[in-house]
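Note that chain A is present in both complexes that follow, paired respectively with chain B and with chain C.
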Partner chain A sequence: MGHSLRLDAYLQFASKAFQREATYRVEVFSEIGSLVLRVYLIRALWTALYAHNRAPANLPLHTIITYSTVALLLSLIFEVDGTRQLREKIRLGTIATDLLKPISIPGSLFSDGVGTTLLHAMSVIPSLLIALLLVHVDRPPDLAAGAAFAAAFALGYAVNFLLNFCMNCVAFWTLETFALQLVVRWLSDLLSGAIIPLTLFPGALQGVLLHLPFAAVYSTPLFVYLGLIHGQQIGRALLEQIAWLIVFSGLGAWIWSRGRDRVVVQGG
Partner chain B sequence: MEPIVRTRDLRKVFRRPQRRPGVAGALRALFSPAFAETVAVSDVSMEIAAGELIGYLGPNGAGKSTTIKMLTGILVPTSGVVEVAGLIPWRRRTENARNIGVVFGQRSQLYWDLPLRESFELLRAIYDIPRARYRVNLDEFIDILEMGEFLDTPVRQLSLGQRMRGDFAAALLHDPRVVYLDEPTIGLDVVAKEAIREFILRINQQRGTTVLLTTHDLADVERLCRRIVIIDRGRLLYDGTIEDLKDAYGRTRRLVVEFAEPQDHVVVEGATLEHTDRCTARFAFDRGAISADRLITALVARYAVRDVAIEEPDLEGIIRRIYLEGISPSEVLRP
Partner chain C sequence: MQAWRIRLLTMLEYKANFIMWFAFTIAYHGVAIAALGATLYNFPSLAGWNFRQIAFLYALWMLGHSTHNLLFFSIGEVPVYVQEGTFDRFLVRPRDVLFQIVSVPNQQWPDELALALVWFVFATWYAHVRIDAVFLVAVPLVVAGGVLIDLAISLATATIAFWFVRVDTLRWVVMSLEQEFTRYPVSIYTRGVRILLAYVLPYAFMNYFPAVYFLHKSDQGLAIVPWLGLLAPAVGAVWFAAAYSFWRLGLNRYQGTGS
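And then the complex of A and B:
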């Protein structure tokens, strides 16, 4: 079942998602206040912690505050889950009407997520500017690191999408995925470096965590951004992200086709 | 002419895990699951020529939706042949999708949060409709379906009648060759129903679109279809014209007579008196055994008659009888 790749349709999905999200303005504005507050709390928390403890090597206070602030911004983007709709579509059976269209459903979900993310990203810009008055955020050490960060971020975005997609596909069997997602979310918050840099974990655990797919989402882009990894290390980290991308693309395609066949053979 | 829709011995069996009561049952089901098989569609063979407008009837749970799902390619048949516009729908789902349009009365395909206009624009991109063609179609639909007023209203704020009109336009923008309409008039008021019926006729006649219409409203069928297909418990019961069905299953006509003066005792050869109140009488007669003409002549010869009326069997009564009593397969008529 080959889908001709017609970019126009997928751009439309993104643009419609953007417009749709823009209609829920209250949500957008409430996010702005919350962002400023969270950035302030990050600064207060780490400043207090560092005042009474010895700073770990290569993570001075300004670095950890930069880390946490950028991680917070990344989480605003990564938490937008365009594939959550899939769960609803499966539960309500509207997936059938989507299957009536000559379109790739995973592709449309991805585009929808991008559109939603763009609106959220734009809506946080004013609050981001206010927040930057509260904290000093370091820039990437050089242009190369900045470019590598952009690449690592894009790969992290894709891996995150695929992780969410695989999880929501489970609804084909269970109809409900809330509990599963809650658990994975907790694990991922803790183990991805979204809150605490993975370098602060004890040695052996750190070695494992750095190579989990969760790290590919948050930790890798952040380490690149802060210049905590250099040269070949960056190359290796990006390759690892690409490897996860391939693994989860394969897994996603497999679960999706099994799930779709389930609907198609059993009638949902 | 080659039929545009063709099924041969089409069959769909659903296999669903069976639940046993209680915790013990749930545990047993975990290790040795039991399955129940339901035959949703059984050996359905039919052919629809391009440009036909067919009523597909049957009681709830008869297998109508399952058939439509197989025709759209979102359900794989257990066995048998299904072909739409030369494609096997479930093998070539996305290609088939370009040839067909679907309207579900109970479920909108429009994008809930977006104005109707945006939904249409999205569909243009999805089906890759050439801009010029899109403009012509959209303008025509806006005009006939009178959608101008609510084109910029989000779909969730539309009334059911407005939403249905939007759904019809959405299903037809890409010039599908075959359209499946699944209870498109359900819940609509009489005016909205009539508007939808006229639209269906129009696209069938002017565009030559083949239409398969599923409905419980027999007024839809009588207004729109010449040919109907009746299915029950997954099996095809009837495939032919409404006329033939009435001839075959509605042989009993009724004659209502109004007398000039009260009658105590009325008798006519060849008709059964069903009801009388001295001034009027209702007779049932078999149209195959005696003609209305002879019956009236006999009546007028014997009584002073002021008025007569003949009641034709109605489709609803016939269909109700078929749903309740069924027809044996040997009785199935073919055109």
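And then the complex of A and C:
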């Protein structure tokens, strides 16, 4: 990745991705349609569960509805996988010409992902408005929690990008990675707290899950948002996210250089 | 029959792929069931249903849905054929169009159905369902009804592609309605949604109403009689007949404008 950082080039990648995605307006509509159904389902399910059971400590109905709804909105952003192109580029062999260009491929994928994400983030706004018609979403308890949420979200976004990047790099070794990726996607949805809060899992399992890298993507930003962790706990959670960021940056760089060498050597 | 045999032989050619997709199938349903399990671990009763009963509810849906996917998956591809213009090749051949589409060679493995059978046997035992002559006769009929309901709705959705070429949005919404709303007892929804799931897109007949019968639950909302769920095959037949007429109508229109 030793190329000089040409910011304008990467901004171009981001804006190209934004324009490309904007042509698929139909998908935005289907996203909003399925979002309405899911928000309705969140309300129906948790309302029914809280009607006949004792609520767990510090998880009243409005908190869990906020948790699930914000998790759903976050998933609209996190499900954008800018690195998916990498798999196609490797499969078709066009990665070879990209390697000749004076840009960093991981950098261009990140910019592309950011551009795509920006468009999806814009579709989050109408989605949020519709969601607010169906359910009441709490705001973060105070300004500090809001700021900490922004930081945790940015770190979660970066960790998510690196996890996807490492997954897609597997295509350097085996071309059939689609099913594998879907398996990891489903499992990480469950283990990251994207479907239900990790605190609902039984004790010992919960302790493990809260410290896996998946938790850094969804669970940490959501707990910060809801004020379920505060003070020093927030600092520790952010540090843990940073630690995962460093670990996966290293792992990503290593896999990437190994994979690139394979292409260069094979290509002659 | 010949068509199924050829398909089976094709599948055996791709063994490594099969293992990957089997892992995917297990992960998909495993995650859904684990999330239900963790939720009901904290909240033991969902509108009077415990986790054992929810497991049975899921198993009934899974049996019908996976059988439908195995046999009729290619119907979902009709909008793609129409978009790409490859649909016309079915029209020039001397066989029923729907039969041809259903027998298009594809890579659908019976892995999901196998998993569904295993889970169903387990859930039946786990939920303490009484196995008697009625159960043994009714289950295959209910599953057949479920397959027909699934088939009717996917056929009707595909038919809309003859008028509006892009139906991805609609398909997506109907699909998530089916996959996510059938996981829970229909009684948790508001009246409009309950009526929709019972009598418009009758997914409730795939699992909810039959489960109400097999588990001796009561539903004050919509089930007029406890054995309503046993009408699943009849509901499936009626909805399929309606969907098939709609399909013929769409086909005529397509041929009318096409030539």
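Convention: the second predicted complex is superposed on the first by the 265 of 268 C-alpha atoms of A that agree within 3 Å, B and C clash if a C-alpha of one lies under 4 Å from a C-alpha of the other, contacts with A are read in each partner's own complex, and residues count from 1 in each chain.
Throughout what follows, a contact is a pair of C-beta atoms (placed from the backbone, for glycine too) under 8 Å apart; a residue touches a chain by one contact, two chains touch by 3 or more.
Every value quoted in this text rests on a predicted model; they were computed, and no experiment measured them.
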{"item": "Which superposed partner A:R258 touches (first chain B, second chain C, both, neither)", "value": "neither"}
{"item": "Residue contacts on chain A - larger count, chain B or chain C", "value": "C"}
{"item": "Chain B versus chain C as contact partner of A:F13, first or second or both or neither", "value": "first"}
{"item": "Which superposed partner A:L100 touches (first chain B, second chain C, both, neither)", "value": "first"}
{"item": "Which superposed partner A:L180 touches (first chain B, second chain C, both, neither)", "value": "second"}
{"item": "Which superposed partner A:L37 touches (first chain B, second chain C, both, neither)", "value": "second"}
{"item": "Which superposed partner A:F201 touches (first chain B, second chain C, both, neither)", "value": "second"}
{"item": "Overlap of the chain B and chain C footprints on chain A, listed as residue numbers", "value": "none"}
{"item": "Complex contacts: residues of chain A adjacent to chain C", "value": "26-27, 29-30, 33-34, 37-38, 40-41, 44-45, 47-53, 56, 176, 179-180, 182-183, 186-187, 189-190, 195-196, 200-202"}
{"item": "Residues of chain C defined as touching chain A within the complex", "value": "16-17, 20-21, 23-24, 27-28, 31, 34-35, 38-39, 41-48, 166, 168-169, 172-173, 176-177, 180-181, 184, 188-190, 193"}
{"item": "For the chain A and chain B complex, residues of the former touching the latter", "value": "1-3, 6, 8-9, 11-13, 16, 19-20, 23, 94, 96-97, 99-103, 261, 263-267"}
{"item": "Residues of chain B defined as touching chain A within the complex", "value": "14-16, 40, 66, 69, 72-76, 90, 92-95, 97-98, 100, 102, 104, 107, 109, 111, 113-114, 118, 121-122, 125-128, 154"}
